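Okay, so chain A shows up in both of these, paired with chain B first and chain C after.
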Partner chain A sequence: MADLKTELRQYVQDNFIMGAVATAFSDSDSFMELHILDSTGFLELISYLEETYGIAVKDEEMVPENLDSLNSVAAFVTRKRGA
Partner chain B sequence: MSQVKLGPQVLDIDYSAEAARIAGWMVDTLVNKLHRRGVVIAMSGGIDSSACAALAVHALGPKKVFGILLPERDSSSFSLDRGRQLAEHLGIEYKVHDIAPALEGLRCYEERDEAIKRVFPAYGEGWKNKIVIAGGTERGINFFKLVVQSPAGELHEARLPVREYLQIVAATNFKQRVRKTMDYFHADRLNYAVIGTPNRLEYDQGFFVKNGDGSADLKPIAHLYKTQVYAMARHLGLPDEICSAVPTTDTYTLAQGQDEFYFALPYQQMDVALWAHNHGRSAAELGEALGITEAQARLVYLDIEAKRRATYYLHAAPILVEPVVELAGL
Partner chain C sequence: MLLHHAFEATCTRVPARTAVVCGDERVSYAELSKQAESLAALLHAHGVVRGDRVVLLLESSVEFAVAVHAVLKLGAVFVPVSPLTKTDKLAYMLGDTRARALLTDARLEPAWRDAVARSPALVVNVVRGLAQAQDANQPWPVAPAASPAPAACCIDQDLAAIIYTSGTTGEPKGVMLTHRNMLSAWASVQAYLGLRDDDVIGLALSPSFSYGLYHVLMGLGIGATLVLEGSAAFPVRLVERLAQERVTVFPGVPTLYSAILALSNLSSFDLSSLRIVTNAAAALSDPHVQQIQALLPNARLYSMYGMTECKRISYLPPEQLTQRPSSVGRGLVNQEVWLVDEAGQRLANPATGELVVRGSHVMRGYWEKPAETARSLKPGPLAGESVLHTGDIFRTDAEGWLYFVGRSDDIIKSRGEKVAPREVENAIYAIEGVLDCAVIGIPDERLGQAVKAFVTLKPGATLTEREVIRHCLARLENYMAPKIVEFLADLPRTDSGKIRKLGLR
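On to the complex of A and B.
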């Protein structure tokens, strides 16, 4: 899980955060509340998860509980891979 | 002081006074700010451009209003018919330009269809398509579905991956941008200004194309809720076919409502939600007014705020490193 979170954090930083003064975010911070991801950003994140981890995200799984923080995304991907 | 009960009645205004106010503003803007002799307006036959054309004639008289009708391959035939009907009703000069050849030259339809075929390989000649928004008030994360219809009438739908969604939107944005190019051609040759026709819901929520329908010299109904635009159109005596039309995008080949494509709720409810949000009304009160749960109402408010943030880019003028102070105050 630690490696997965590291990879995910790197992905979010590389794709959604710009500049030397980067927005710091904790593993539990909400992407929506910190305005790190907008609606297009969530679509990009889902494409990334599907292509990188070989999972299929269902429409009903596209909810903040699964996608709105590093912790949530890591737990979601782990569950999907284990299923 | 007691508050007005939340519901459609909060949108009631004096339309006669408002039409007079807009007329005065339009004359003042053209004469004293823009120094232009009239206005050009692209008329889709829809309620917004129709109301704007009527307001312009009310303000300036028909001789200073020039209409253009801009059909393309995917436009509904009603759009052109209603646009003509309105131009003749108002007594304005107008011209029809078919912009399909220009769009073909830019590969608008090809780029769009390439993206669609990556999702539905069978898509081709005789097929129709539209994009539908999902998520929103149910889940809090918006996404988009592509709906296609085969020539035999079978419907298929699939969630749109982000690359295909962006390519389809980018390709169809050519339509609004080419239309705006035609607006400015006529504005330049006539020394007129270009009218933009977003209503308040569209303007506030970024439902327009940057440098497409978002571009204009003056926007006479950007402060009016869509409900008010319909009422203004009736007040100005526009034909019933125009006043009764349901808002569509008239952009995709399958008939598509604006609430399917972009907004969380039908426009009558979105107007009340936007008004309520602007006036600090609670989610509980909004939920009761719209017959939805408080949790859903909270998601509607969050969606309004999220769209404002996400679409700030569409409103933003070019940003400079430092102001060119010599132009300040002109």
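On to the complex of A and C.
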């Protein structure tokens, strides 16, 4: 789980956040509230999760509880991979 | 009659009714009115007076509704700014309007911190979620005022709002709207839409832009209930909300409808309470029109067209949708539209030309931009009046039905928002290693148009597509960042050496 979170943080940082104006975010911060991800960003995140972790994200799973923070995404991916 | 008078009358008439639902919050008209009064009193105490500009950097929230009405109460001018706005652009807007106050949120501090420091005209910054006052920063919620601020003494020719829109030069332009302009647009829209005080309006659009903003103004003026569902990022959540709250009116844009209609479990939600569904900003595709009609057989679906400079220009009566699905209608009541050729000569229908709009909803001009204003507002048929030259090319048939053809400039429409290629290019030029760049819009099924950037690099420089996109995300509103970046050895040029975008795809 810790490794997974590190990977996910790296992905978000590499793809959505930029050096000097970087938004510091904790594992529980909402991507949406901090404007790290918008609707397009979430779609990109979902594609990344599907490709990287071999999971399929269903429409009804596209909710903030599964996607809107590092903690949520890590728990969601773990759950999906275990299922 | 001023823009906020209807809201104040509603607060007296139905104080206990729910005005705004946002997340877990449900706020009555009485409560909203009280909060607006407290905020107005605080701004007044800091010296905000009639005509002063107050910038709103807020999410779609109860606070947004409070802020608009507090500012109007003082006779001041509200300037709604997208919460996606980054520091430099916000600083530009605060400086351009010489804003006296900013109303914002602690969560948006990365955007406003430096911008506020760079804005000498600013006397107070009211911050939702701030624990305690510090320098010019004041906490929000605001303590109830000992005495209310004096009511506005302005008249309907005074400015009510300045709303920024993208300009071809890359510098945003502030559209100046008077109380009269906005009330006039309101009346023309209400004449066909017929919102009622028992309506529940589901707003997933940002109220910082004209389309969403008028739902806040009109909804609260009429006495309806507004359900604010801040993000379109989670379409399932949005549809759940529409069903739960028995939403009756839903305004959307093609990107939003596309996300909703793609849901595999859409039929499991009861959306039967929807009676009005509207689309604007870009045309819906025929399949989407049909899907919406099949999903909501009892709802009236309106295709509409407008621009910030006058709010609304045309709507297609729902009964015409089957017959002429690609038309945006024939205009509005209390407004005249016609087409002109390149020499400005009025054309008889049928014709193709630039659309011109005449009506009391047309803006006063662009804030302190006389050259841009003169290009858009030109003398009308009556002495002393101005008409709006939209820059949009339309085709009309013999009966005057309007069909959108394209822009006369290179403005891109992505997710229904205007994107000025120059603004994106300016951001890309700021990257170390970039020699040249050109930005265009390319067709995109989900976004309408996607922003694409062509970049050439200085010798020895290396840069990836993602680095360019990330850089843009840090400086521009998210929807302006390129979706695709292509690196070229050279950009096509005209004989005079200017970059020739026509050769790019």
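A few points about this structure:
We take it that the second predicted complex is superposed on the first by the 82 of 83 C-alpha atoms of A that agree within 3 Å, B and C clash if a C-alpha of one lies under 4 Å from a C-alpha of the other, contacts with A are read in each partner's own complex, and residues count from 1 in each chain.
Keep this in mind: contacts are C-beta pairs under 8 Å (C-beta built on N, C-alpha and C of every residue); 3 or more make two chains touch, one makes a residue touch a chain.
Predicted model only: the values in this text are computed from it and were never measured.
Which of chain B and chain C touches more residues of chain A: that partner is C. In the superposed pair of complexes, A:Ile17 makes contact with chain C only, with no contact to chain B.
Touch criterion met: A:Val63 reaches chain B and chain C at once. Once the two complexes are laid over each other on the shared chain, residue contacts for A:Leu34 go to chain C alone; chain B is not touched. In the overlay built on the shared chain, the residue A:Met1 is in contact with neither chain B nor chain C. By the touch criterion defined above, A:Phe42 lies against chain B and chain C together after alignment on the C-alpha atoms of chain A.
Counting contacts by the rule stated earlier, residues 32, 35, 38-40, 42, 59-60, 62-64, 67 of chain A appear in both its interface with chain B and its interface with chain C. On the chain B side of its complex with chain A, the touching residues are 134-135, 139-144, 159, 161-163, 165-166, 302, 306, 309-310. Residues 32, 35, 38-40, 42-44, 46-47, 59-60, 62-64, 67 of chain A touch chain B in their complex. Those residues of chain A that touch chain C in the shared complex are 14-21, 23, 32-35, 37-42, 58-60, 62-64, 67.
Those residues of chain C that touch chain A in the complex are listed here as 83-84, 86-87, 107-108, 110, 230-237, 255, 259, 262-265, 415, 447, 466, 469-471, 473-475, 478-479, 483.
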